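Next come two complexes built around subunit A: one with subunit B, the other with subunit C.
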Partner chain A sequence: MNETPKKYGRVAYYPGCALEGSGHAYNCSTQEVGKVLGLELVEVDNWNCCGAMEVKNVDPKLQTYLSSRVMSIAANEMGFDTVMAPCNGCYHNLKKAEYDLEHDPETVAVVERISSKAGHETYKSGQVETIHALDWIKEGIGEEGLKARVKNSLKGIRVANYYGCMYTRPRHIFPEKDQGPGSESTLQPHFMDDLLAAAGAENVDFPLKTACCGGAHTLSDSDMSTKLVMNILRAAEASGADVVATECPTCHSGLEMHQVRGEKRFGFKSKVKILYFTQLLGLALGVKPKPLGVHENISDSMDFLKSKGLA
Partner chain B sequence: MPIHEKSLIRQENLIEHEKLEIDGIDVSGHWSTFIQTRVVTDYNEDMETEVAALPGGEHIHRCWQCGSCTNACTVNAINPDFNPRYWIYLTRIGMEAELLRDKDIIWQCISCNKCTYACPRDVNPEGVMKALSHWLELKGHTEKSPSMHFDEVFSEQVFQTGKIEEGRTIRRFFARTGQELNQDWLVEMIIRMVRHLPVKLLFAMGLQSVLKPRTRGWGKARDAIHEYVAEKDAEHRKALKLDPPHGPA
Partner chain C sequence: MTPLADIELEISAAAAMDDAKTGAERLLGLGEDVVCHWIAAHGETPTTDSREGFRLLALHRQGAKGVPSFNACRETCRELAYHLNLISAKPDHPEVASRLQMMGLIATHLYLFIAGKLEESELGDFCCSSRPLHAAE
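Right, the complex of A and B next:
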């Protein structure tokens, strides 16, 4: 239907564990948006967990090995030079692995050793470029391209764009960010703002874009996470937002979970809805809520979307 | 209380006598409060080296105490006693007893990496917090923290199968830390979650938790990882002058 865009037209897709569980809706909506935009996703064959925060806490070099195996399969067995990871955690870990393998000989030695024992080719830094779902659409389609394809404008929806921690911190593992006009900023990220604005949404001035939701201790230190989430949701409402747009399954389920927990434990009241940015983009591109997994969200936004003529 | 307002004299070091006379001079009451001298004799000079031997702690020696980490810290904003700069200082000069006063909150670092982002000396304070938590636990100063239980439950599953099935991780974590699964907010969340879900999807979710997703042909990677973990455990215990781990290496 649409011509295949030059950049990121066909990339290796690494959904990661969360997108097969609690982040199922993010997985569906990402794939739906890809389909409509003519961006082809080929899932990394027989992938494994990227190591997440937890394996890093046991041993950072093991986390690097786990992430490197995913990139090795994409590069050496499937011939891809780009891996797209929509989950902030996976994206961060693949980027971190790339950085460590380029700069730390000890890490390289550990990865070589485990890779050869595990019987697959060792990943070498530079073989693939890891991108986030935001880069994928922003660079692959761009705002103009997106505007041209919008069927139902998100007009009248006020959005607080929430990026979380892992998308921008620490700066050194994202060498392509902070490179002047057009590039993503680590202090004031704007790719999600740009895409949703192109789809017609009104972005509010939201000060907690890169605040932490406490995702790492969501179950082991729940009170802390609930406090952090209440801060984020309160700030979003104070900024006038109807919706918090997310781009990470851990942030998303953290916000949803602690919105409920805050209600139950701290009498916290909030009306703000929580939606993945891919769900919002999908709606704008004319996809129905169901294939985008909107009904799977705990934060029930159906009535709100109906009132805006989007469902 | 922010650290700059904190009194350097601790309550327990203030001594007030109802009735006391020294050399014929009455020193009773509030106006003659004594301050017990604080003498530090128990410097642990190996502390910095030991923490630096654990993953994440490698660059602790670079710190020049600017305080950017504490200033940027997410947890510090909620609990001002959470002070990475101060703990790095104590570790470097070996004031173990002073550090142990905060031993039960150090694990609460949420890994948001704001400190690592702000640090002008590449200390990786987030990593130092993890190394400190490990150090406290290995030295027997603290029990395993809930967060460390979670890391272990999670990592064990990844090492065994290559992947994570969230439901299983959560159930195991709750079992291991002795928490009930039927907490009001969890129940409420699940009710809201399944309210709109079609039966087909619920069935698929149930099936996933029975079948357990796994990476095919993971056996060799699993063995290589386990071997590496055992080696590292032994290395860490040696660096901390502890007995070698029990059981099969």
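Right, the complex of A and C next:
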């Protein structure tokens, strides 16, 4: 029997640089969850860095070009109308490129000039929709669809959902958010809360869900980053959370590394575990911890997961 | 205005007050002071206006003008306002002490975020882009 084609049932996948390195576990778990849910990911051919922080520092329009090249390949060479980027930085940069190309003729001229020199078709705004992994699962499967597929409920796990500061900011580059019931909110994002609740988890009230993790200070002022992370983890624990769920490789690495650094440098003790939301969903869907990269996390959650019957 | 160097300790003291309503009001005031330091450091006079009933939200709006990355503390300011309402509405709630403690963590985050940005204000007007580099373009 043929199933009705799902929204986002087959999308171009842009993992970005972090998911090939420190965020490898996010890459594995995203792909595993996609397989179980029947959401096909086709990696963008010959993709490049989105421009991230480094190129943006030198020339923001060059960063826009780099992001536009990824979207151009997906649209013009692979025929996709949707690009899914699980990293908040990549997602933010592709959305920003989309916005700038729609509103700034100067940016369009720069992107046209470089694309022509590089020998590929120029990306035109509106050719693709960029989505986050949260949109992909929320819109592609939804809570009810997820509930129907859960094999190991996350019942008994109390989760603080941490979205970081780039998923919703700046608001103007995310026109699809804040559109009323059902849409994502830039003030109080909830897609991750919704998905994990559908998988059985108990979400706690967590007031720092979009607060800065100090990622930008990591190299220039490590102590400041560590203090910001310690504060986030303290708030998560004070909220009653066992786990902080993440959806960005930079935030995730920052939380994990500064949890360790906080203990070494400031004697900070915390028991809260840090897991990607895709790892939690994968466990709920019956995937074993290893294919989800749980062993790659710095935050060791295996004993905890075993105690909950998930490993 | 409370000196910036004293704010972290003042937050700890306010978050531990027996009178939760007074502690919450003090925490909101300390949050305002932190944002005032940011605005003053940029050569401006902190506004005395309020937004949605809170001076803190008006100050945040003022502090974010021309500095998009400052919006990363927008919800932190809103959470402070929310917690003040939460505590003031039910000062006898059995969880009022833990609510005040949480408000203290929120105020601490605002302090750390802004103190970090002040420290590095010569370096950037956006967490991912550098003012001196742009100026040299």
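Points worth noting:
Methods note: the second predicted complex is superposed on the first by the 306 of 311 C-alpha atoms of A that agree within 3 Å, B and C clash if a C-alpha of one lies under 4 Å from a C-alpha of the other, contacts with A are read in each partner's own complex, and residues count from 1 in each chain.
Note that in this section contacts are C-beta pairs under 8 Å (C-beta built on N, C-alpha and C of every residue); 3 or more make two chains touch, one makes a residue touch a chain.
What you are looking at is a predicted structure, and each value in this text was computed from that prediction instead of being measured.
Overlay on subunit A: subunit B and subunit C clash in the combined arrangement. In the superposed model, A:148 makes contact with neither subunit B nor subunit C. When the shared chain is aligned, subunit C comes close enough to touch A:207, but subunit B does not. Shared-chain residue A:42: touches no atom of subunit B or subunit C. Contacts of A:53 after superposition on the shared chain: both subunit B and subunit C are touched. Within the superposed three-chain model, A:257 lies in touch with subunit B and out of touch with subunit C [touch as defined at top].
Of the two partner chains placed by superposition, subunit B and subunit C are both touched by A:220. Considering which of subunit B and subunit C touches more of subunit A, the answer is B.
Contacts of A:21 after superposition on the shared chain: subunit B is touched, whereas subunit C is not.
In the overlay built on the shared chain, the residue A:109 is in contact with neither subunit B nor subunit C. With chain A as the common frame, the single stretch of subunit B that clashes into subunit C is 131-139; none of the other options in 131-139, 167-175 or 203-211 do. Common to the subunit B and subunit C contact sets on subunit A are residues 52-53, 57-60, 165, 169-170, 211-212, 214, 216-217, 220-221, 224, 227-228. Interface residues of subunit A, counted against subunit B in their complex, comprise 17-18, 20-22, 24, 46-49, 51-55, 57-62, 65-66, 69, 110, 113-114, 117-119, 165-166, 168-171, 186, 211-212, 214, 216-217, 219-221, 224, 227-228, 256-257, 260-261, 263-265, 295-296, 298, 300, 302.
Looking at the complex, you find that subunit A touches subunit C at residues 52-53, 56-60, 165, 169-170, 187-188, 207-212, 214-217, 220-221, 224, 227-228, 231-232, 234-235, 238-239. Interface residues of subunit C, counted against subunit A in their complex, comprise 68, 71-73, 75-76, 78-79, 82-83, 98, 101-102, 105-106, 108-109, 112-113, 115-116, 119-120, 123-124, 127-130, 133, 137. Only residues 55-56, 74-75, 78, 108, 110-114, 116-117, 127, 130, 145-152, 154-155, 158, 162-167, 170, 173-174, 177, 184-185, 188-189, 192-193, 195-198, 201, 205, 208, 213, 215-218, 220-221, 223-225, 227-229, 232 of subunit B touch subunit A when the two sit together in their complex.
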